[in-house]
Amino acid sequence: MIDKRVGSPSEAVADVFDGATIMVGGFGEAGSPVELIHALIDQGATDLTVVSNNTGSGEVGLAALLKAGRVSKVVCSFPRTANSTVFPELYRAGKTKLELVPQGTLAERIRAGGAGIPAFYTATAVGTPLAEGKEQRTFDGREFILEHGLRADFALVKAKSADTHGNTIYNKTARNFGPPMAMASNVAIVQAEQIVEPGGIDPEIVVSPGIFIDRVVEVASPVHESELVAAGATYP
Amino acid sequence: MTPATASERIGRTREQMAERLAQDIADGSYVNLGIGIPELVAKYVPVGREVVYHTENGLLGMGPSPAEGSEDPELINAGKRHVTVNPGGSFFHHADSFAMIRGGHIDLCVLGALQIAANGDLANWSTGAPDAIPAVGGAMDLVAGVKKVFAITQHTTKTGEPKLVPACTYPLTGLGVIDRVYTDLAVIDITPDGFRLVELSPGVEFGYVQERTGAPLLQP
Amino acid sequence: MIDKRVGSPSEAVADVFDGATIMVGGFGEAGSPVELIHALIDQGATDLTVVSNNTGSGEVGLAALLKAGRVSKVVCSFPRTANSTVFPELYRAGKTKLELVPQGTLAERIRAGGAGIPAFYTATAVGTPLAEGKEQRTFDGREFILEHGLRADFALVKAKSADTHGNTIYNKTARNFGPPMAMASNVAIVQAEQIVEPGGIDPEIVVSPGIFIDRVVEVASPVHESELVAAGATYP
Amino acid sequence: MTPATASERIGRTREQMAERLAQDIADGSYVNLGIGIPELVAKYVPVGREVVYHTENGLLGMGPSPAEGSEDPELINAGKRHVTVNPGGSFFHHADSFAMIRGGHIDLCVLGALQIAANGDLANWSTGAPDAIPAVGGAMDLVAGVKKVFAITQHTTKTGEPKLVPACTYPLTGLGVIDRVYTDLAVIDITPDGFRLVELSPGVEFGYVQERTGAPLLQP
């Protein structure tokens, strides 16, 4: 019998190991899996490489993971936002490395990692500092650079609903990086506001088919990161 | 050695081959079954194991054939036969479907074979006949991408030639892609040392199988 | 005002030109846009390159377009199926060329064409006759070949519903090549069983966002290709 | 030439720049508006034109800000501000969103600029300051993929340096990517021959603009 439910965020991230690469969904607070990240802070794994579009805000969620010193490298398109001070300090202090990737290249590298594409060519970043050291090649008279697929050991993804097979649907612009990250990770972990039985989600509207999802955990009322930040909350 | 006469039935039937293979499918697997004998496998998955079937034309959670009269021409499998959807199924487009295949998300695929080489090379899409219409479908994608690839096939051709060969002479589908072969006569693993017997079909002797295999068959 | 409706299949394909490359959705009969193809036969454009998974069956739909002598080349993964005799005859007579592409490589080449990826690497077909003449390259110790994005002048796609902005949803396994083909063509034409006003399709379940679709035409009760074939129908 | 004193208001305000640019957006366009002045453009699209706004975090058909109290933290734009969805909108994931951008499906994007070179090179993501935290977001993808790219920017920096330059000195966002520039002083096309004036802002003279432009400005 297939039942991908786990009982709690802590159980869901229990086997994350030191040195793991972790994809973390979300664009700003939309889709940020705060409960899973907090469970990961409690769990203690360190020397992590985090692949995520941003670096969190305030001192909760992803920013709290960084603040706790668990992240040695981030792969990211936009590591500074409003209320984002943790990463800039770590970066300036040389404590966390940064691989800066254009947002669309990041999304496509993740999708490629999930789709068995080791590398592809893109015109994005040609002629810029982010193309330095990359192979450049001409197709039909236009210049492109070679970019490589990106994979991770774990993905932490926030969703609206999932079924016990892992079929997942999202909420509005919180969908963002969730589906490609789930594809590109060895263990994709989804926190969903509700978990239903198979058949509870119309097969026509599934966004992440269960084959991409390894664990689902119900977080019925996820916190709003922006509210925590506004309240000056910290974690733990 | 017990050479069989043409009329003598020895080894497994197609249904029995499918039944034998089905024993080796783990609970919770995502499985793609090719057209032909592979399709029979679904019937024999042991009770208590849940398997999710993928069909490359855009469906996970494929169920059995529909009742007569309730066929939907827009709900078919890769063999273009009418199917159903199990609870927990999902539809997706072709690029996503082959992302599942190429990206290593499918646990197992089961394919027919024209020839299988001792190094795991597979030929199953063309005999290279000059006037044949070449057609490959998803076979090359499946063998290149799926985690484990089982072949299910008669041990020899209709004219008695071995299908398990030292090297394929037909155009290849993939290099070193087969993990295990299920035939009417035996179950055989592809190993770094070549073909290695896993088990003989009931009533079949080792020498009988070796005689009909084009390359050395190692003892289990 | 955005209103992508056109009044008939004939109007939808009126500007297809001789020598055009046309992507035709469908896997077997599921998703085959028979009414659009028949309108294209009436329209008369010739010397077409058709990109499609199959080559049709009987003498209706795609097979009828071939039979009418309008197609000089097909790009295809599986050009023979049950009741498929038209293409084999044309191929053997040297009248229609064939570029045989593995099904997943075909889907990904089309998706790449739509996503601005000129080329990508895949392990599919390495060591086979379909890799001949293609660049081979090693990533992480494994061999891959280079495949190129594929684009078309027009795409003919069958769908369940669309809105006047072109947002489209499909029916079951008739979805197949429709979404990537719509992305990869300059003019994507959708025949849908119903066309609704904007807002008539939930934004969460749109499969092909309207940006990919140029024209929508209502075909309320599309024919079933298999029934036509069984009845021995021919077109025109 | 009429040099302006620091206190003298000359040329268009930010709102007027946005209003001017909005006149050049065709009916039925798919448009991505960057953060800052570009966001103002949506307010000024002429009545009777329907524009579909794309935000790269996964929404087509973005509508205006929601009424206070009805903000949804999971319905935001690329600037992480609360937005709404218009009828005919759709949600999609990031890989699909940037397929729209990279694949040339977006008709127009409007971006801010630090420097624009006479050959259309754009620098808008970094001043290259050694202790700055580098952050690029989707800017490089947008300029590489979108059919037409408009820059909207003050004509000079706060310290009076030209932003339209012979060659960018800041790190580039893209090579030869800008089609047209809307500033407080003028509308200027990038042509094979360099900057070419389209029109002056009301009350602004050609010489005044040329003086504040770092490379030759061709007459219309």
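Odds and ends about this structure:
By written order: A, B, C and D. Residues from 1 in each chain.
Everything that follows uses one rule, which is that contacts are C-beta pairs under 8 Å (C-beta built on N, C-alpha and C of every residue); 3 or more make two chains touch, one makes a residue touch a chain.
This structure is a prediction, so every number in the text was calculated from the model and none was measured.
In this structure, the chain pairs A-B and A-D differ in their number of contacting C-beta pairs, and the larger number is found at A-D. Between chain A and chain C the centroid-to-centroid distance comes to 34 Å (mean Cα coordinates, whole Å). Distance from the chain B centre to the chain C centre is 29 Å, each centre being the mean of its Cα atoms.
Shared contact sites, meaning residues of chain B that touch two or more other chains, fall at 59, 85, 91-92, 98-99, 101-102, 145.
Shared interface positions of chain A, i.e. residues touching 2 or more other chains, are given as 108, 111, 115-117, 122-123, 170, 172, 203-204. Viewed as a contact network, the protein chains fit none of the simple shapes, being neither a path, a ring, a star nor fully connected. Contacting chain pairs (ordered by label): A-B, A-C, A-D, B-C, C-D.
Across the complex, chain B meets chain C through its residues 55-59, 72-77, 80, 85, 91-95, 97-99, 101-102, 121, 131, 133-141, 144-145, 171-175. On the chain A side of its complex with chain C, the touching residues are 108, 112, 115-123, 139-140, 142, 144, 148, 169-170, 172, 203-205.
Against chain B, the residues of chain C that register as touching in their complex are 27-31, 53, 77-82, 87-88, 91-92, 98, 100-105, 107-108, 110-111, 122-130, 170-180, 207, 224-226. For chain B in complex with chain A, the touching residues are 27-28, 30, 48, 50, 52, 54, 59-61, 85-92, 96, 98-106, 145. On the side of chain C, the complex with chain D involves touching residues 1-2, 111, 113-117, 163-165, 167, 183, 197-199, 203-204, 206, 209-212.
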